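Okay, here's the structure, questions in a sec.
Naming follows writing order (A, B, C and D), and every chain is counted from residue 1.
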């Protein structure tokens, strides 16, 4: 029985002790600095980690009338914020304080009190190849000029970081820019082919893959916050499996796509048809600049477009979802700064085919929405590692625009199913019953209430 | 075991044979005529029942890789559209054709082909009391001037309708206007008190309650599409129980509240805080006119406001949801006609408290959204009756703004939980496994896949 | 000839020398403090007077090819910002610094550098009568309890302020709250009747009128920034005339109404019909709180509704503008603070009657929009006084929601006509040609270019 | 004196007698069919020419208290709708009925009553060159394969049309698609160079120029409704002058740009600064398809972007308008059909630099907005021709996104100045006083009221 199995599991989970290193490629970006500064502010009691499931979320256990809803962090053994230490790479030399000021996400009153702490966050030189990110031109770059040497240099960085900070465990999370569109080829099919290609200095291997290889060869789980393939190729899944490491990705689900995976399941649940969905985004930060390049945008576009297809299941509902027109555009608009505005124009139809419209203007903040995802992913991946889960972590789909998944399964994009999957996984790990929201039993007279 | 129990259940379900009468107080309103005309158009192959879960929905069964997703109507034994016959009451004498033209919901090209059929839908005289709906002044009203006599006249109407149409079973569904706000008092606490009050011609008993009593005393399940208390008082729940009848309500969930129960669970799932939610509605139909009366609006307002409270669970998340400001207004705006426009202005906050905004403009159509709900509710209530479920049907919460619920349980407003509840109930009735969206088993090597 | 007449006029204009006192009833409100703090910041070179025509505007003179467009303040002799001194009354005792902090309009970084200056702005005790502003309850109120004594007390305040500050001239501008709706009655028809009513302590005379009487009896022009009648009654126009004083009003044109007087003339210029215009406002400041009172709202509503009627001229265009439905609502919504959000839903129709829609979401800031109007009005009224213009100043209609006007003339609401009127008046005062935007002369071969 | 001169002028204006031929390149497009069908519906009393200044507009004359506001068509001698006859060219062979059905702008109930009339509108074969409009592929094209022969063929078409329809006068108005971007070169500098280039079959001469040459060589005024250069080059202005013909253009001002030229003057009048203006358009008609081609879009983009620059006058207001970011995108979105939706996101700043936002969602209909412009332009150009005005008609700037103008003058984009210019021109032609909106005279005691 599943239940017995996971009661055993619960006992096996290692307690989180010692420092947990968070290694971030792209540590000088807006998301990274907002995440790091935020954790420090929370540790000092100066702000609240809004948006973080691990910090604020609760989980209902048992029957509704039991009213058992502990905090998630009291329910599963997660690393404490106090144990996090931060390091990473960037192609700009700015320290954490300078980078946070440059990003213009946080107000001065949030940065000043932790100025010294942020100054202490200094990036290591990045592995960078401009062919993969055309609109950036940082100069703080490693001298090694072949792929294998670059991987080894990154591994050496990691060793040094762990030693210097006395880390017991580490997690690497890619917060770098979106690389140009890449298709999965022969060299990405197996660990062997990939390693050969690295040795051969193959030009189809982007920097992000080198970081992932360095992480896994150092025994460190890898999370991908951008839409690049990176670990979403068979070679990397194999490598994760060989090393008993969890991997997760890809592309943090924030802003407009988050909204899309909220609305689309709602429309589908009501069997409302879709004629068209037009989405435009305006944003003025470095991310916007990078995505102004057509090739980088293509990577992002793929990630953004597939969402509806999987949620709406046109194969099951051809009369509702077979012929909708879906268009996504992103425009660089400097006045918006790090704030991001998404405008969605949704054309639906109902009873007898009558048309209706929904317009959504989401005036959000990119890094503010992404930062708590970084935190949750780091903590949950560390849990996964300690529990002994390896390979793709589908239960973390909740956090991604393009969730990784087993080859013969479809990805799950519906935010509500993703949330349920995540919580039922936690319940499972802790030996608690799955929640089904059935509930008819409450209304049955002779009910023994064995299940819910 | 639950599973065995419901395998037995499955066998007990009576097959739906014979005519199913649909009895509608408010049969001349926009929702009713749109529903009736639509069913006829669908029967004639002239339009599609978009928005109806019973007609278009599918239900996933078993493991994901089994790819079993039958249509709901092929999975559970529902009455066929061909077996539906329509009757009802109204305070205006217009026949179905005149009423549909007046409502200006359907285009002429949808009404003309079924003109004769619609002309045949003639209302019975309504029980009406203007104190409960101040802005209407119909004259097609029963002469009986005491409550008991009115109940008996309605029962006589029902008997005649059943006979004339050869109905095997009937369902009554309230599609009338919103009555003024009423608080639950002593006389609504028990069947005995209620019956006495009817005999005493008590002024605290609105017409909708008389219809419900007439229905139940005629052995007919009752559904309430408006926010009036009607069957949502202890006396009526008791009466349903005594008569082994299912009841459901209240207030069809369409338009802005539908949107709210899609968005709010999404925001909560991500632990995004709420500072304020301003909702304004403009509509120009008779419903808009009725709600321009302060007392009728109060009934509606109560129904609309409570939604967020239950979804957001401020008791669990005080830092996120304790202090939000929620305002709902409705304005009569004739240019909009039956179309309804809802504008929502949502002030949220994320990581470290930074504010963000969402604006939603929903240009919807009231009756187009409501009509498929009427159809689904009629068919599901008929199923419930044949299955032998009586009393409050919480599994139909999916359709209501203010779902009825057991006294010691909280109502469930989250559209996604409601949808899950509904589908897991159907799975249960048919002896299928509950779906939990767990899914970790797909990724476990030694997995025997006993549960999902 | 007009031209000769005004060349003489130009020579007569007194140069602005000495201090100009700005006397503000409601000096502790958000508009007043934003205005005062802003002037001081501009004087110190710390900010720019964006939104002020007197400070930033230019005025085209002569033919297009002459390219003469001096700044308005270099063209007409206006008082310098350096010569402004501020005083006023309020029902809360807070000094300028405390009031600015309370208003939460300006950022701390704009208030701190002028902290001492603001602290020096201390209100005089207000004349207040709660029957006229129900939702406020300030206690910093004059003890005098009859109207005449209150007028005299205000005049004494004025005398003292002028002396203490060495003011050569003064302007009074009402920035207080909106008083409840009042109709013009017999007592408001002549100076004589009004003075008698003051002596009789008549309850139909609101505080704002007492301020106006005190101003005029002290030889000071009066401007009304709220929708109260105040000086918009025959008695007050007569009093202004008797004292050779200019008066202006009423209700600063900001936010949604500003937008309306921009859009409506545009639609009319294109002969696009109007079916309906729905306007909702949400705001969270003290102004919002006051307008939550039905009687104060009525005063505001009258002011807001009339705008369309005059601009669209239904008598000239019955097929386009006779039957539109116009609805304006204001809702108190604390999360918005002093920011104000107006949402307009405009239903128009074009060629052959086909409908179209415009939705405008104006996320504005009340006091930020109003402050430069206060500045411009003070300076232009001082100019008018020095030029010798008395009575209603129609050329300042540009600044008001309900511009005052001669009895036999209609008010001008079209922002573009108002702007033209203002600028052509300035051209007239300075002996320059009127601009007509004709321009055909540029294209005529034998053109002598005598007019433009 | 101007006044005397134009009193003479008034007497010289030829009365409009006989048929007026309207020759339309692109007669099968949505704008053309909507225009033609509309005129016929109006002639039959079946619909109203909403949006047409010539048909519905009034013009104020004299002083305000005179209350003289005749209809424009009663004030100036315009051709009657009854005298219009329609002809033109298209690259698709569909007749007017088929084309109107295809366009899906008008409802069946508007097309059916004039079915026969529309069937009688059959296009002549077009001169077409796919290099200039890449996304269209019509086959109904003239066989002539050199430019001169094509011009002659068009002239022959015109002669035949005039004869067959007994036209006394004709106007040609380009309603064809937007051609690819073209820069003004040597060959477009003089009539001589242009004629040589036509003879040399130069590839830099697009079809639209050939139509214009054919028109002018046939003594017919030419109007350009698209953003192509066409007559906006020195050679064409010269040709118009030589032939004493009026020309006008370019690019009908509808939709988003119309809105922009309403809002921008409003913001400027209030001295509100602009930080950024983001405009996106979605439309699904053939126009949208054509503009999906980058080169055609560039032509349109130039036309759309320049609008703000001229209205805002950054050279006069550098602190307000020097650094704004202006972005315009157009996206093909089939669900929208001929309807067009423009979304504008406008970032402004006010007093002391505080930011505010305006969002405008304009759900308009392209052809419905354009059709009345076609009508007005045809009638006003015919008037210009009869009055003897030749060359660029700046007074018709009101109708264009990129108004043509004299070399040493800037174009006028402000809708309100354009409207004033147009009306004052009409007043001038009829010997009436110019309107200045001055008005101070109404308030001057010794006023002789010589001017207004």
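Throughout what follows, a contact is a pair of C-beta atoms (placed from the backbone, for glycine too) under 8 Å apart; a residue touches a chain by one contact, two chains touch by 3 or more.
What you see is a predicted model, and the numbers here were worked out from it, not measured in a lab.
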According to the touch definition, list the chains common to the neighbour sets of subunit A and subunit D.
none
Centre-to-centre distance between subunit B and subunit A (centres being mean Cα positions), rounded to whole Å
39
Whole-Å distance, subunit A centre to subunit C centre, using C-alpha means?
53
Two or more other chains are touched by the subunit B residues 359, 361
Touching pairs among all chains present in the structure
A-B, A-D, B-C, C-D
Okay, in this complex, where on subunit D does subunit C touch?
1-2, 34, 38, 41-42, 47-53, 55-58, 64-65, 69, 105-106, 110, 258-259, 261-263, 265-267, 269-273, 316-317, 319-320, 349-354, 356-365, 367-369, 371-372, 389, 391-392, 394-395, 398, 406, 408-410, 412, 415-417, 419-421, 424-425, 428, 434-443, 450-451
Which stretch or stretches of subunit B touch subunit C in the complex?
275-276, 278, 280, 282, 324-325, 327, 329, 331, 333-336, 341, 343, 345, 347, 359, 361
